[in-house]
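Look at the two complexes coming up: chain A is in both, with chain B in one and chain C in the other.
Now for the complex of A and B:
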C-alpha cells in the first residue's frame, strides 16, 4: 500500500466513495470516471520506472475494485490502461535494443546510457500513456457510433425485434440509428421490478423516433417469441468465455429465444469486455433492493417471508448468444477470448 | 465558525427580483445530528457506550447517519454530543469523515454536556449561533437510503408557496404494526390531503396492540378548509428540514423538551405563531427510513439491512474502510478470514465478521456475529446479535439476545429471548438466563435526584475500575445468575426510583426494557403500557374532554380501554405524595401537583384520596419497618402533618365517609401488629382536624360495626364520641395502648 501516496489517495477517495454510494449512474459514466481518475493518477504519481507505474495502477485497481466488487467495468478500464502501458514498454524495448546494440558496439557503459536514456524518456512516456488514455476515453464516448455502422446490416425491413433490456442506452441508440434506413417494430419488455420508469421512457423515446413500439409485460415473452425475428440485449459485462451479464430476466428471454431458434444479439462497447472468467455465479450478480420486489409496507409478508431477493443481473451463458456486436465489429461468443487477448495483458488478469 | 446570519441576508438582496423566499440561496447546507437520544432505552449497554456507537450489523450506528448526510449533499455537519461526548469525539476524529481531505462535509462535534433533552440541545444550538440557513436535523440513529434531493425539492417548493413554512418532516409509510415502527412513541399525523401540510400531531397511547384512540379538539379542525387525512401508517424517523427559526422557538419556549410532542404540537396548536409544518412522505417502495430507538427496532433494522431493504446501504457496501463483507445468496455476509467448521450451518440473513471461528455442528440464523468471536461446537444462535470478541462455548443456545463485546458465555448456557449480556460479562457453565434479563459487568451506581449526571459519571468509572470482588449484598443472587466463574450483575431498570424524578418526560423515557415487540414473542412488560399512558397524561393537559365520536380505531383492530389510566394515576399519584413527604414540600405544593395530575388524567377525587392515603401509609410503614419510629409516633407524625391534605380533597359528608372507608380498607392490609393503632390515630386526627365530622364518623362506623379486628382500638374512640357532647375534653385521656 506504500505506493499509494496521500496525493493519489486524495484523488481516489472521491471516486471510491461515489462508487460505494452508487452515485455514478450508467456503465459508460463509470468507465469514463475511472479513465479520468487513472489519467490524474498517472500525472500526479511520482515514478521513475514504468514498472513502478504499473504497480501503482494495480494498487489503485484493487482499491477501486473493492469499492464496488460486483462491477466489472472499473476493473476492465484499469486493465486496459495497464495493457496500454505494457504495450508502450514493449515498443520502447523494441526501439532501445536496436539503439543499444548500436551503442554497445561503441560503448562499454551500456547500462548507464540506458538508464539515462529512460529518464529522458520518462516525461515522453507519461505523455504517451496519457494520450493512450485519452484515446480510450474517446473510444468509450463514441461507442454508439461504432455500433451504428453495423445496424443496417443486421436489421431488415418489417422485422419484429424484442429487447429485454430497456435500460441500455446502447440498444436505444442502435435502434434509433437503424430506423434511418429500416422500418421495423420493437417489442420492449418492461423489466419489472427494477427501473420500470426507465423502461417506459425507453419505449417513449423509440416511439418519438417513429419506431413502432410495443411495451409488453415480462410474462408474455414466450408467447410473443414466435413472432420475433431477433432478440437484442444490452450487456453489463462480457467475459472472456463469451458469456455476459445482463439485466435480470434476460436469462429467461434468451432461453425462450433458443427454444424458438430466434437469434440473439448482444450489444455492448468494447470496454465491457473483461479478461475474467465467470467461475461462480454467486460472486458476479449484484443483488439489489428488496423493496422493489415486495412492498415494505406489507408488514405481514415482510415479517414472515424468509428471504426476499432482488437480483439485478443475470448471467447469460455463451451458448445462448449468437453474436456480440461491439464498436469494433460483430463476433461470435467463441471468438471473444481473441478480442480480449488483443486488448488486455494476461499478467494483469489478477490485480492482487 | 461561519458568520451567523450576515451571509444569509446578503444573498436575498441580489435575487430580490425573484422572490423573498430565496433565503436558501446560501450554498452551504448544514446538518445537526443529535447523537444523544436523551433516553435510556438501551441501558445497560449505553452506560458504557453511547447509543450512536453501538454496532448495527457490525457498523457503528452513527456511520449510517453520516452516510445518509453524505448522500444528501450536506456541507457541514455538527454533532451535538452530551453523554459520552468524549467517546463520540474520539471516534469522529479518527474516522474517515474528519481525517481525509475528501470528506464530503466539514464535521465538528459540539460538546453540549448540559443538555438533558432535545429541547436543551436546540437551545444550546441557538446560543452558539451556528445556524446560517435551513438545516437538516437528524438524530444519530437514523438508517435510510432515501433520495434526499426529492425531499429537499419538496421543501423548497413548499417554502416558496408558503412563507410561514418552518419544518418539513420526513415520514415513511408503513402499517401500524410494522416491525420498524416505534411502539414506544407511536403517533398519528393529521395532514391536509392536497398540500401535505401537517395540521395536527397526536401521540397515540397504543402499545403492544392494545388500546388506540386519539382525541382531537374540534376547535383545531375549525380552520381547516380542505379535506384532511388522519394517518396512522407513518414511520416518523426524525429527519427534519428546519428553518433557522426552529432553535429560536425552542429558546422562547424554554419548557419544550421533545421535538414532536412538545415542539411540533406546540407550533401547530399555537394561535400566535402561525407557522406551518409539512410532511414529506417517501413514496418509492425502495426508500427505506427507520430509526434505531429501542431493542425492538434495533432487531428490526438489523434484519432489514441484512435483507437488503436499505440497499445500497447493505453490509457488503462496507461503510467502514477496513470492512470486507462479501455477499452470498440468501443474504449471508462474510468477511475475509472467517473460519467455519465443515458441519456448521449458516442460515439466511446472517453476517459474520472477520477472524470469527465457528465450531462444528453450530447453527447460526438471522444473526449478526462480530469480529474475533469464538463460537463453540453445537451452538444454536437465532435472531441474536453478538458483538466483537465475544466467546460462546459449546452447546449453548441463544435466542433473540444481544451479547455485547468481550462477553463470555459458558458451555450449555441458555439465553432466553430478550436477554442482554453486557460488555465483559462472563456467564458460567450450565446457566439459564431468563426472559428480558439484562446483565451488566458491574453495578450501575446512581445517586438520588440528579439521575443523568451521576449516570454519566459512573459510566466512566466503570470503564476503568472493574471490580474484582463481588459486592456481598448481591453476591448470592448474582452467583445464581452468572455462576461461580461468572462475572456480572442483574441490571434492574430503576423505573420505580425514577418516578420520583420531576420530569415526567424522562420518567417515560427511562424505560429501558428489552422488548421485542414482535407478535410471536410474549411481551410481558406491562410497563410499556403504563409509560405511554403516562405520556398521554401530559399530552391531554390542554384537553380534558374526551370525544368518543372522534376517537379513531386504528386498523390493527384494537379495543379501547381506559383502565390503564386509572391504574397509572395510582402509581403516579402515590409517587407525587411520597415525593412531597420526602422533600418536605408544603402542603399547597403537594396538593397543586396532585390536582394537576387529577385533572390531566381525568380521575375523580376518590382516586386522589386513595392515593394520598396510600402514600401516607407507605411512609408510616417505612418508618415502622426501618425502626425509626414506633407505629404510634409514626402515625401521629404523619397524620398530623399531612392530614390537612384531606381538607381539600373532601367536600361533602359522603366524601368523608368515603375517605374513612378508604382508610379502613388500606389500613386493614397492614401488618396486624400495629394496624389498629394506625386506624385509631387516623380517625382521631381527622376528627381533630375537622376533616371528618362526628356524624360521618359514626355513619361509617355503623355501616360495619366493630367486628373487624382492625377496629378494636378505634371502638373506644367511637364510644367516647357517642358519649361526649362537649368537645374541649382532653385528647390524651382516651389514650390506650
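Now for the complex of A and C:
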C-alpha cells in the first residue's frame, strides 16, 4: 500500500465511502465517477515512469473493488484506463529504435523502460493519458446516442416488445428514440419486489412519450410470451463469455423467450463489458433485504420460515441471448470475447 | 285466441308455402319468420286444447294469466338487465390492452349483471361478495362454498303455484348463478357442479312432494361434496404422499387446498420431515396463505390425558409443524432462476382446471414455474380432482382468461398483502361522494398552500396513481395461464395417476358413470 500516498488516499476515500453506501445510483454514474477519480489520481500522483503509474492504478482498482465487490463496472473502468496506458507505452516503444525480438525476450522490460524514459516524456505521457480518459468519459456519456442508431434495424412497425428491466435508462432511451421512427407496444414487467416503483415510473415515462405501454406483473410473462415479438433487456455487466448480469427475474423471462423462440436482445454500453469470466456464478449475485419479500411485521410467519431470499440480480447464460447491442454495434454473445480483447489487456484481468 | 286466430294463422302459413319461390322466402326477415312460427304454435295449441275439451274462453283466461306471469318474470331478470345496461355508469373508458380486449372487465361484469336482489338469496349475496374480495379463492373451495350455499337456497325455496319443483327450481338457481357470476366468472369446477345439480333436479320425478325433493337434493349435494371433493382429496393426498420422502425438497407455487392437505398429512400422519419451498407472487400472495395455514397446523399432543401434562400444556406452546418437520423456504417468483432449483426433488402444482388437450389451466405464474423446473429435469406433478376436468380445449392463455382488477397492482405497492377490496357498489358510492366534494376541496386548496407538497409526495410513492388518465398506458392483471402438457410429468387424480394426455380418457369415463 506504500504506493497510495496520503494525497491519493484523500481523493479515493470519498468515492469509496459513497460506493460502500450505494449512494451513487446508476451504472453510468458509477462509471463516470470512477473515471473522474482516476483522472485526478493520475494528475496528483508522483510517478517517474509509466510502470509505477500502472501499479498505482492497480492498487486504486483493488481498493475500489473492495468497496463494492459485487459491482463489475468500477473494475471495468480501471482496466480500461490501464489498457489505455499500456497502449501508450506500446506506441512509445514503436518510436524507440527496435531491438531484436529475441533480445527483448531475454531482458526484463522494466529495467529497459526505466532507462528509456526521460522526464520530458513523462509530462507528455500524463497529458496523453488524461486525454484518453476524457475520451472514455465522452464515450460513457454518449452511450445512448450510439445505441439509438440501431433501433430502426431492430424494431418493426406494430411490434410487441417486452422489457423485464424497467430500471435501465439505456432501454428507456432506446425505446423513446425508436418511437420517433416506429409504432410499437411495450410490455413492462414490474420487477417486484425490489424495483417496482421504478417500474411504474418507467411505464409512466414511456406512456408520456406516446408509446403504447402495458404494465404486467412478473407472473404474466409466460402467458403473454407467445404474443411478444422481441424481448429487450438491460444489463448490469457483460462477461467475456457472453453471459451477463441483469435484474432478478430476467433469467426466467429469457428462458421463457427461448422456449418460445422469441429473440432476446441485450442493450448496454461498451463500458459494461468485462474481461472477467463468470466462473463461480453464486458469488456474482448480490442478495438484498429479505424484508422486501416477507415483511418483518408478519412475526408469526417470519418466525416459522427457515430461509427467505431476495436476490437482486440474475446471471443470464450466453445461450439465452441472441445479440448484444452496444454503442459500437451489435454482436453475438460468442463474439464478445473479441470486443473485450480490443479494449482490455490480458495482464490486467487480475488486479492483485 | 280462438278458432279465428287459428284460421287467421293457417292461411298465412299456406300462402308462404304456396309462394315457395326461394327469393321471396329469403326476403322474410328472421323476425317475421319467428312471428310466423309463434302463430303456428299458438294455433296448434289452441286446436289441441279444444280437442281436450277446454272452451276457448278458458283458454283466453289461461293465456292472459301466462302473459301476466311472463311480464312479472321479465320485470325480474331480463328487463332489469336491460335497464341496468342503460343506466349503470358506463365503464368510463375501457382500459384493457388490445390483445385482451375480448375479456370481460370487472366493471363490465358488474354493469351487465342483474341486480335482482329480491330473488337472490342473501347467502348468495354474501358469497358473491366473498368471491369478489378473494376471501374465497381456489377452484375447489369456490365450488364447495357454492354447493353449501345452494343447499341453503334449496332449503328456503318454495315452489310457486302452477309449477313443479323440477321445472322451476332450475330457473331459480340460474338467477342465483347469474348473480354469482357478477362476483367472478364461474370456475370449471363450479360449472361441472352446476351441471350435475341441474341434472339431479331434472331427475326428480314429479310425484315426489316438495319437502321430499328438497331433502333428496340436499343429501345429494352433501354426498357430492364428500365424494367429489373431500374423499377425492384424501385419495389424492394418499397417492401423492408417496412422492415426498424424508429429507427431500419440495417446491410449490401459490396455494392449493389439496397440496396444503398433502403437506399436513405427510407430517401429521406419516411423520415425515422435508424442506418446502413456497414460491409466491403478487398481487394475491397465496403462498402466504399456504404458509399461514401450515404455521397454524399443530402437532397432536399425545400425552394430554394425565393431569400434569394438561397443566404443563397450559404453559407449553403447542408446536407448529413448520418448527421441526417442514423447513420452509419462502421466495418470490423472481428468484426462481438463482440457485434455488438446484436441489429441488419434486414440484407440486395446484390446478384450476385440466383441459381436454392436456393443458393445465392454473394461477398465473404456474406455467413459468413448470417450465423452469422441466428444463432442469425436476419432475413436475399436479394434483387435480376429476371435478376440475373440462372438455374445453385451449391453446394459449390469451383467448380465455379472467381479468382481475388492474387497480390491485397499483394500490399499496409496499403492503405485501393481498388487495383489500371494497364491493363494487361501495366503490361507486365513494367515487360519487368524492366528485361531489371536489369543488369544495378546490376552494380549500386555494386557501391552504400545503396541499401541493402532499400531492407531490404521493406522486413519488405511487407514480401510477392516475394511470387511467394516461391514454397510452394499460395495466394487465390476468388470473390464469396455461401450462403445456410437455412440462407436466404426472397428473394425480382420485382415479389414479396419469399423464396429461390421458385427461380426455378420464372425461369420457367420468361422463359414463
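As a working rule, the second predicted complex is superposed on the first by the 332 of 352 C-alpha atoms of A that agree within 3 Å, B and C clash if a C-alpha of one lies under 4 Å from a C-alpha of the other, contacts with A are read in each partner's own complex, and residues count from 1 in each chain.
Here is the rule we go by: a residue touches a chain if its C-beta (ideal position, glycine included) is under 8 Å from a C-beta of that chain, and two chains touch if they have at least 3 such contacts.
As the structure is a prediction and not an experimental result, all values here were calculated from the model.
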{"item": "Fit-or-clash call for chain B and chain C when the two complexes are aligned on chain A", "value": "fit"}
{"item": "Included angle at chain A between vectors to chain C and chain B, based on C-alpha centres and rounded to the nearest 10 degrees", "value": "70"}
{"item": "In the superposition, chain B vs chain C on chain A residues touched", "value": "C"}
{"item": "First, second, both or neither for A:94, with chain B first and chain C second", "value": "neither"}
{"item": "Touched partner set for A:25, first chain B, second chain C, both or neither", "value": "neither"}
{"item": "Chain B versus chain C as contact partner of A:157, first or second or both or neither", "value": "neither"}
{"item": "First, second, both or neither for A:306, with chain B first and chain C second", "value": "both"}
{"item": "Which superposed partner A:352 touches (first chain B, second chain C, both, neither)", "value": "neither"}
{"item": "Which superposed partner A:282 touches (first chain B, second chain C, both, neither)", "value": "both"}
{"item": "First, second, both or neither for A:69, with chain B first and chain C second", "value": "first"}
{"item": "Touching partner for A:207 - first (chain B), second (chain C), both, neither", "value": "second"}
{"item": "Partner chain in contact with A:296 - chain B first, chain C second, else both or neither", "value": "first"}
{"item": "Nearest-approach distance, in Å, of chain C Cα atoms to those of chain B in the combined model", "value": "7"}
{"item": "Doubly contacted residues of chain A, that is, touched by chain B and again by chain C", "value": "282, 295, 298, 306-310"}
{"item": "Residues of chain B that touch chain A when the two form their complex", "value": "67, 70-71, 100-102, 104, 145, 173-175, 177-179, 233, 284-288, 307-312, 316-319, 324, 326-331, 348-349, 518"}
{"item": "Contact footprint of chain B on chain A as seen in their complex", "value": "9-10, 13-14, 17, 20-23, 66, 69-70, 282-283, 287-292, 295-299, 302-303, 306-310"}
{"item": "Touching residues on chain C, where the partner in the complex is chain A", "value": "97, 99, 275, 281-283, 288, 291-292, 294-295, 320, 322-323, 327-340, 364-365, 367-368, 371-372, 375, 396-398, 401, 409-410, 413, 416, 460-464, 467, 470-478, 480-482"}
{"item": "Complex contact set, residues of chain A against chain C", "value": "160, 185, 187, 190-193, 196-197, 200-201, 203-204, 206-208, 210-224, 226-227, 248-252, 255-256, 259, 282, 285, 293-295, 298, 300-301, 304-311, 314"}
